[in-house]
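I'd like to ask some things about the structure below.
All chains are identified by letter, namely A, B, C, D, E and F, in their written order; residue positions are counted from 1 within each chain.
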Amino acid sequence: MKKVEAYIRHEAFEPIRMELLELGFPSLTVSEVKGSGRQKGIVETYRGASLTNYLRPKIKIECVVAAADVKTIVDTILKYAQTGSVGDGKIFVMPVDQAYRVRTGESGDEVLQTHPGAAAEA
Amino acid sequence: MKKVEAYIRHEAFEPIRMELLELGFPSLTVSEVKGSGRQKGIVETYRGASLTNYLRPKIKIECVVAAADVKTIVDTILKYAQTGSVGDGKIFVMPVDQAYRVRTGESGDEVLQTHPGAAAEA
Amino acid sequence: MKKVEAYIRHEAFEPIRMELLELGFPSLTVSEVKGSGRQKGIVETYRGASLTNYLRPKIKIECVVAAADVKTIVDTILKYAQTGSVGDGKIFVMPVDQAYRVRTGESGDEVLQTHPGAAAEA
Amino acid sequence: MRRSLGLRAMCVVLALSLLAPAAASADVWQAKGVPESVGINTLWVVIAAVLVIFMQVGFMFLEIGFSRGKNAGTIVAKIFTNFSIAAILYWAVGFAFAFGGGLGHVIGTEGFFLRDFGNPTDAFPIMGFSDATIEAKWLFQFSFCAVSLAIVWGTTLERIKFGVYVIYAIFFAALIYPIFSGWVFGGGWLQANVGMQDFAGSTAVHLIGATGGLAVLLLLGARKGKYGPDGKPRAIPGHNMPLFGLSVGILLIGWFGFNPGSTLNALDTRFAEVAVVTLLAAGAGALGALVTSWRITKTIDIGMVGNGVIGALVAITAPSGYVVPWAGVVIGLVAGVIVPLGVYAIDKKLDDPVGALTAHGLCGIWGTLSCGLFTLPALAEFNTVGKGGLLYTGSFSQLGNQALGVVVVFVGVFVTSYLVFWLIKKTYGLRVTEEEEFQGLDISEHGMYGYPEQFIPASELVGYGAAPQHGAAVSAGAATTEVTA
Amino acid sequence: MRRSLGLRAMCVVLALSLLAPAAASADVWQAKGVPESVGINTLWVVIAAVLVIFMQVGFMFLEIGFSRGKNAGTIVAKIFTNFSIAAILYWAVGFAFAFGGGLGHVIGTEGFFLRDFGNPTDAFPIMGFSDATIEAKWLFQFSFCAVSLAIVWGTTLERIKFGVYVIYAIFFAALIYPIFSGWVFGGGWLQANVGMQDFAGSTAVHLIGATGGLAVLLLLGARKGKYGPDGKPRAIPGHNMPLFGLSVGILLIGWFGFNPGSTLNALDTRFAEVAVVTLLAAGAGALGALVTSWRITKTIDIGMVGNGVIGALVAITAPSGYVVPWAGVVIGLVAGVIVPLGVYAIDKKLDDPVGALTAHGLCGIWGTLSCGLFTLPALAEFNTVGKGGLLYTGSFSQLGNQALGVVVVFVGVFVTSYLVFWLIKKTYGLRVTEEEEFQGLDISEHGMYGYPEQFIPASELVGYGAAPQHGAAVSAGAATTEVTA
Amino acid sequence: MRRSLGLRAMCVVLALSLLAPAAASADVWQAKGVPESVGINTLWVVIAAVLVIFMQVGFMFLEIGFSRGKNAGTIVAKIFTNFSIAAILYWAVGFAFAFGGGLGHVIGTEGFFLRDFGNPTDAFPIMGFSDATIEAKWLFQFSFCAVSLAIVWGTTLERIKFGVYVIYAIFFAALIYPIFSGWVFGGGWLQANVGMQDFAGSTAVHLIGATGGLAVLLLLGARKGKYGPDGKPRAIPGHNMPLFGLSVGILLIGWFGFNPGSTLNALDTRFAEVAVVTLLAAGAGALGALVTSWRITKTIDIGMVGNGVIGALVAITAPSGYVVPWAGVVIGLVAGVIVPLGVYAIDKKLDDPVGALTAHGLCGIWGTLSCGLFTLPALAEFNTVGKGGLLYTGSFSQLGNQALGVVVVFVGVFVTSYLVFWLIKKTYGLRVTEEEEFQGLDISEHGMYGYPEQFIPASELVGYGAAPQHGAAVSAGAATTEVTA
């Protein structure tokens, strides 16, 4: 089991979500984060004084999948999140020991997603 | 050391927090996330046009504990977060290499929680 | 590759970010979280009834670096986040399997940061 | 489906209201050659009416401020819908029922659709002391009806079905308010025969509204989660104190129309004195509530200070035309003390999110009774209603009459309102489902949040957020800076 | 650089406006020994003007409520800038062009800088029926100009360059509005010769504004993302329905100055009747829009209820001085039905975030035409403009004159405005860059968000957040509690 | 404990204020048989007072908009508490001290509790030119006192202890404001003997307020974090520009009561001319500030445009009754230029979050001095105060008198206020703890956030959020959709 964490632009999320859904990976979690990287900051002015924001808003996607599915997820994210400009973001893959579905209490790979390869349930 | 990450409903959090506190696990972090999974979306209308939200608000709990305590944490979350309806959420367990307490700079299992089994500290 | 996750006070972030930038680690992500730990709660009153918040706002820093750089990151965070009072927070280090730069699709250690030891790219 | 009931009823009433006068409409207006005093007094009454109409915005934000963010938008729709229903029905029938009869009447009979009456002074005898035109008087009295209706709903926030507003508004603006307010200050039997004093409506407007609010609350129940498993009330803080501040400010301004405008007369300059009394009461009320709530909770409760202003204004409404300034200060101060005590006490059992039962109910009662204590005999005479208060006359008679009036109106409005709400509950239903309540009325009743950006994930909104679309330099206006080495 | 164009132009006009009258300024004021009626009518006109000026705040929040949060602050700057330009220019030249000529004029020629005219009654003959002072009349007419200008921009939110406001405002307040409004209610040829009825400006104020809005919209285009790849409109919800509610409430209040104030006269008491007609129309409009939108979308659309009020008020503006109450109800109701239908239809092709084209355009047209149906002959006579409507006279002639007026004004304003905007587009540019649009106008045009705490990360703000700085016990005020074992 | 000091003092004053008149209260009101002019002028004065009272809401949102969200709610409580203290004390003693004496007085001696004076015209000679009733005049003058008090606190936001508001308000409304404003426009020595012109209070209201604000600021110090380690000012943006826009809009409206109302007279129609001058100045001020700040910062600063309006209104306050329109434009324009320059300069050393020192202080001084330049001799004569300005007379004498007045008032108010604040600092304390400041005044002083949902984690609020409670289909209203395969 692996967790894919991606920090991407807001605009990229919707097409990624839709393709993942089609591919059988409906389950993921997103959150609003602020990232610092190569992307430029933004300078605000207020009553003559200025204020620089180095942190820019990003969407963080968290998606836990079976190890075999990592490539599909990463590729899908790369496909839609790439604009070629600085600030496109990063994807990280991390190990996961175990997963539980709260509703049923069951655990293991089969709780992860509903893609063809996984234990269907619906 | 393990990190337990759980995505649950807002209402479930309060009882979980209270039981974990009693069990000696006062330390955890929560954040507001939006999840997509089996749960249905919601359709809004605005001036005749409609807008579907597939992402529903969830609470994410992050709690790092000694490997031996993972079961206690997972069981507590399952106990209170289970309603039996779609959207109850997931729990993931992940490996952690090291932990530091910022206040003292010390590291290791003993910085994690204040439960009986861990190095007490008051 | 390792991920450093730190839960710290808001005020500590700015100096940490600046020092990391100087050290060649410009890339990181922050988010607003609420933490529960040893720190005291806060009691509100509303029309005579009272309401206790046990969760206090914290900043979560996420920073993925090469394994060799973990110590630098942790030390920098400890340096600025330590006030000595309860509530200073925790740092956790976790394994990461792989990293991708979305803009270019490349992967591996070199996508992580721009510090001298890593593959420069500018 | 379910919702169409109220709307259909409304349409029928509306259609009727239009057909009738269409037959002979030309009679409303005639060329005028009127004395200057008519113009001046009409001017004052219209301006006062506009100030009172502005209070709708005050009630809107009182409720918005004290609601959770998920229930904020619905209030906007509610206010304008209710206001509109009241306008049409008070024009069609309400005003006639309230004012269109001889002194001592139970229900008026002249002046439907503001037409087909002879000399306005005969048709609406109680307002004959003012020569302002009947249109101005209608506008002013309508604005009171709309205030009274707005007050009702303070107890029902965050859980009531929208259609209930519509259905009850019809009954309220067409019948309940006109009849009972008519008894009190429309020249009805309580005013003309009992001699009950209520200058601008502590009872006739505020208590009537609060009584309707009590009736519906008893049938509706508390918001889910308001009372813990132990039965103890829990804090459900409103989401926006600044907007609550706006509401109090606007209500305060509106009250300068409400009370002084009730003179219906500018030329005797009484209205300026009423304004001073009103202001002093409001000030004393804020301070009374501040100190009282601070003594109890050891915090400076923003809501209490604001509600102290409102409660004091409600209390001074009845006596404002009958008392001198120092009495206004006393009346306001007592109202200010009542506010936190009433709110804390009622909150133990009844879930009244804005504190309407206290501010408009208890303070309305106190204000009405206070005439029995503080009415200056000369002013009773000037207004030709009732007698001086206990303090001046040593007699309890006026106080008794005030109490009688309060009881009659409370019982009358409570019974009729309870009946209407009970019928609604049995047919259309009063309350949204638990699911809808949890989601919030904005999304469940109106299909959209009142604050969309706070409830809809940014990634699902079009062009939301402040992130530059490309990493490229942001052009003119927002200067940029390189951060990487 | 680019932005300086408009500003420079403005400065020049300003300088001119100051130099001229500086030479002989003492002539404006003379000691007065005036009949009481002058004071009274002046009082009413000034108060009405203040109510109408308050509508600027209404338009501010109408636009703020319907914008995304990243574009909220710019509207504040826009409103005051436009208002100010209008004030200076309408004083310098606008009023003179609009009103300062003989009856039947095309463009006025007297009264620049409110000076150097002889007897005001001769210089501004159309307003001779009122003896209010010329300063009061100017203030009132200026407030209309400012409303009309505010209406223009409803279609342009969230993407227009700030300088466009400045440049067009100069043309609008100095020329476009004065000339065309002068034709309609400044005693110009449409009023004096054609007999077009427009009591308070359904055409002269609202349609003119909406027409300007249409012209700029055609050149400006939709907000990015408004239309999907399939060409279908997508929802871009505004960010704040409570503030939208505030806007409607304030506009409603303002309209009690707008329509009744257009009598310019308190002593004939007509204004009270106009107020009643206005109120009833607004009420019917809200209900009409509520029911219509509910039938179509099955939700109670908050925006539609509010826009129903606005649309009905726009519609009743022209006939308010010509019709009786029941007709007001009908006119308002129809406007209420028009609002959702118009908004849904226009939204398919044109991106008009606040619905100005419908509320001020379509409803303005409907209101103007409705005089041709419902004008009471006696009131046409009283106002000495045009004749009775179809319903009373059986003749289509007034309706035809109304239609002619609408067409003339629409075409005239559209052509001149389109030309001005086209020139702006070719030189200064109309639209911010895509990047700036995505970021939002607040940061890109004004260098700071309208809601800084929502867009700037807390860790980058000074002393933001509510976290205690040290873990130590929080002292007085906020009690604390130990939570760890 | 600490907090009880101010409250107790307040209670004592209050009790005294009630006891005294209780003995002989019936004298306030007498039946009237007054000339129509009294009614008309009283009407205008009361309406103007209501407009000025509305400015409290303006100041509320000015401060709210420019504060961080954690300090927004406290302002609501502050405004109503201060307003209330001012009401009670200005009625008890303030008005008498200010106006109740012969011309040239240092402190008035008649009219405490608005009673026990003989003929009002003799008791309050300076207001004898108007026949409006004394109650109306009191209401109007009180509203000025409340404005002046509200201005004080602009410099103190986000760090002052609530009790300071209470304590200083008592001194201010009872003594400081009455005495010094009385010298300037209450018929005191500056007005009667020196001939200082201040029509509506650039000095008597605005400068007095700003001077109090300067005194407290010097003792209070800057907000934590405002100045960096290098001593350079840092941006602490306010949290809500739309609400700032609301404030400016309301203040603008209020000023139509403030300046024109200061005629205390409707029948001479001067008020309409004052209104025109006021409006033109405001417009010029917005444009002056827009251009000036844009030249310096290259952004269109929303706050500056709004503050330009306010600064210009402050400046035109003194001359509004003395100058002709074009002079109003010049005065406003200069004030508009002063605003950004003053704000930027003061911000370098003094932390004045809303810019009160500039808008009310510098612009108040400029406005007062501008009389010495632009006063039309005929208007000086009409108002029977002072002489024409330099521009007309070539003499510096009026300018000198204006300067003298400014200096006297500034020094007097500064010294007394500094003393009061110094005493408060030594006893009760001026400033909350660092911890409380960091947390925000809402939670630390009032025990609850002004925006609870933004500061309290959703999971700790009752029924917060928009998440459906069960995964089950959301019923009526919000349609739903399956998303999983």
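The working rule: a contact is a pair of C-beta atoms (placed from the backbone, for glycine too) under 8 Å apart; a residue touches a chain by one contact, two chains touch by 3 or more.
Quantities reported herein were computed from a predicted structural model and do not represent experimental measurements.
Enquirer: Looking at the contacts, which chains touch subunit B and subunit E alike?
Expert: A, C, D, F
Enquirer: By residue number, over half of the contact pairs should agree; on that basis which option among B-F, A-D or A-F is the same interface as B-E?
Expert: A-F
Enquirer: Taking contacts as defined above, which has more of them, B-F or A-F?
Expert: B-F
Enquirer: Just how far, in Å, is the C-alpha centre of subunit D from the one of subunit B?
Expert: 46
Enquirer: List the centre-to-centre spacing of subunit C and subunit E in whole Å, with centres computed as mean CA coordinates.
Expert: 51
Enquirer: Could you say which residues in subunit B touch two or more other chains, in rising order?
Expert: 21, 26, 30-32, 34, 36-38, 42-46, 51-52, 54-55, 58, 83, 85-88, 94-95, 114, in rising order.
Enquirer: Considering subunit E alone, which of its residues make contact with at least two other chains?
Expert: In subunit E, residues 36, 40, 43, 47, 234-237, 240, 246, 297, 299, 301, 443, 445-449, 452, 456-457, 459-461, 464-470, 472, 474, 477-478, 483-484 touch at least two other chains, as defined above.
Enquirer: Line, ring, star, complete or other: which describes how these chains touch one another?
Expert: Graph shape, chains as nodes and touching pairs as edges: complete.
Enquirer: Give the list of subunit A residues in touch with subunit D in this complex.
Expert: 9-11, 13-14, 30, 32, 36-44, 52, 54, 56-59, 83, 85-88
Enquirer: Spell out the part of subunit B that touches subunit E in their complex, as residue ranges.
Expert: Checking each residue of subunit B against subunit E gives 21, 24, 26, 44-51, 114.
Enquirer: Quick check on the complex: what are the subunit D residues that touch subunit A?
Expert: Per the stated touch rule, the residues are 457-460, 464-474, 478-484.
Enquirer: Give every residue of subunit A touching subunit E within the complex, in rising order.
Expert: 34, 42-46, 51-55
Enquirer: Please name which positions on subunit A make contact with subunit B in the complex.
Expert: Counting only subunit A, the residues touching subunit B are 1, 3, 17, 21, 26-31, 62, 64, 94-103, 105, 111, 114, 122.
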